[in-house]
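I've put the structures underneath this note.
Okay, so chain A shows up in both of these, paired with chain B first and chain C after.
Coming up: the complex of A and B.
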């Protein structure tokens, strides 16, 4: 099997984070990531343009932070055309709900709180139908201590059960605000093991799903729209000839 | 009218060569042939042996061949389509154009 390519889709650069894009790109290419997405919040600055830094892929993204679901739809529509990745920071039940019901949203992050895990069977089903990925923000496990860390892990455990049951797409992210917050793929996989995620699932969440999110938003010439693509020929053409004997 | 990959799913499918790429039922994955009829939920495919097979659209992925004289490109084109997009009576399918392109 080919080596999977890992992506970290929630990284903040200056002015929101501490480092410039070039520093972050250099550091994450040393950690053997295949690409990162810079998601500075929508209010603070213009979304970063997608580019390649010394051959390392940096995707453009934006984090939408709103407190009112109707504004969310407006913001998502505004950024959809010129960014690769739209992340919605949830928190309240209204926002979480609006985000998972909008198929233009790619990722929902920060949906849990100290009181509850932020997801329930209704939201999980809707996220799975609309292909909105749920982000397990492992940065929280690293940053918080004591009771908060315990709550975070137990929320993740509950979320994971829903993710498995409803087949919701999920990703693992570091939510790095500086290059020292970045973690290597295998470290993220190990951290995900703390709340019961298997290694296979973690690799799936770090490589397969981010890849599909990116390919969905950066259509290749073969992609027409959801569910339709151009192929080179009939699958297994040689056997078709054989059938005619 | 010209059939392009972007309008194929709204187009008349009868007469096109088709092969099943993926299906929930692995026994169907060997079927290929010409579309001879279509209902809301099924495609009726005539195989080389002349047998008509009824295949459900839901959950099946088809590869259609657009023949050279219809593709407008002087070459055959192959398009892979998720059968769920075809779930509608053929005469009503054009009504879905907006619904799908809005996404």
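Coming up: the complex of A and C.
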């Protein structure tokens, strides 16, 4: 089996975080990531352009923070054309709801709170239908201690049960605001193990789902529409036809 | 006294790691030990820590080897991931590899490896 390529899709650079994109790219490539996405919040600055830093992939992204669900759709539409990843920071019930019902949204993060895991069967079903990934923010497990961490882990456990039941896409992320908040993929897998996620699931959330999000938003020339792409024609075939996959 | 028969010995794994520290400062062994046990006590508790049996085997120049119980490597990694700073200096604990012997861990993952220096990032051009 080929070695999976890992991605961290929630990383903040300056001015929101502390470090420049070049520093973050250097750290992440040392930690053996295949790519990171910079998701500075909308409004604070222009979204970062996607680029390659010494052969390391940096994807452009934006984090949409709104308090009003009706503004969410407008914001998402505005950024959809020129960014790879659109993340919505949830929090309240109605924002979470609006985010999972919009198939243009890629990732919903920060949906839980201290009292509540944020996700329920209705949101999970709709996230699964609209292909909106749920983000497990492992940074919270790293920085908090004691009661807060206990709450976070038990919330993640509930989220994971819903994710398994409704087959919701999910990603694992460090939600890093500086270079030192990043964690290597294997460490993230170990942290996910703390709330009962198996290694296979964790690899899926760190590699397969981020890849599918990126390929969905960066269509190659062979892409037709969701689920259909042109593969190479059979040898000896006169006409090269599109083949459903 | 006779030595403990091999079948009765605890099975261990050795984790080779590097410590990427802010400003490329050198971290002392005692400070790191304190931080590791505090992190392990906080995440796993006394009971979990006794099962996991984390021990700082060797540490020099921000590179080292940690030993832990064979069945609890993933927990040990999780503990290491929760270390955020040592004596006020922000650090990133990066596990380079896991091996069944100290020699294997040192030879395969540590020999000739330079600790990542956050100050200069020229190495990514190689």
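Observations on the structure shown:
Heads up, the rule we're going with is that the second predicted complex is superposed on the first by the 233 of 245 C-alpha atoms of A that agree within 3 Å, B and C clash if a C-alpha of one lies under 4 Å from a C-alpha of the other, contacts with A are read in each partner's own complex, and residues count from 1 in each chain.
Quick note on the criterion: a residue touches a chain if its C-beta (ideal position, glycine included) is under 8 Å from a C-beta of that chain, and two chains touch if they have at least 3 such contacts.
Note that this is a predicted model, so its numbers are computed, not measured.
Of the two partner chains, chain B is the only one touched by A:103; chain C is not. Touch criterion met: A:191 reaches chain C, while chain B stays clear of it.
Within the superposed three-chain arrangement, the count of touched residues of chain A is higher for C, of the candidates chain B and chain C.
When the two structures are aligned on the shared chain, A:31 is found in touch with chain C, with no touch to chain B. When both complexes are overlaid on chain A, the residue A:146 reaches chain C alone and has no touch with chain B.
In the superposed pair of complexes, A:230 makes contact with chain B only, with no contact to chain C. Residue overlap on chain A between its contacts with chain B in one complex and with chain C in the other: absent. Here chain A touches chain C in the complex through residues 22-23, 25-27, 29-31, 53-56, 141-143, 145-146, 149, 178-184, 186-191, 193-194, 199, going by the rule given at the top.
Against chain A, the residues of chain B that register as touching in their complex are 5-6, 8-9, 17, 19, 21, 30, 32, 48, 63, 65, 77-82, 84-85, 100-101, 103. Residues 20, 22, 42-43, 74-75, 77-78, 80-82, 84, 90-95, 116, 118, 121, 124-125 of chain C are the ones touching chain A in the complex. Put simply, chain A touches chain B in their complex at residues 103, 224-235, 239-240, 243-244.
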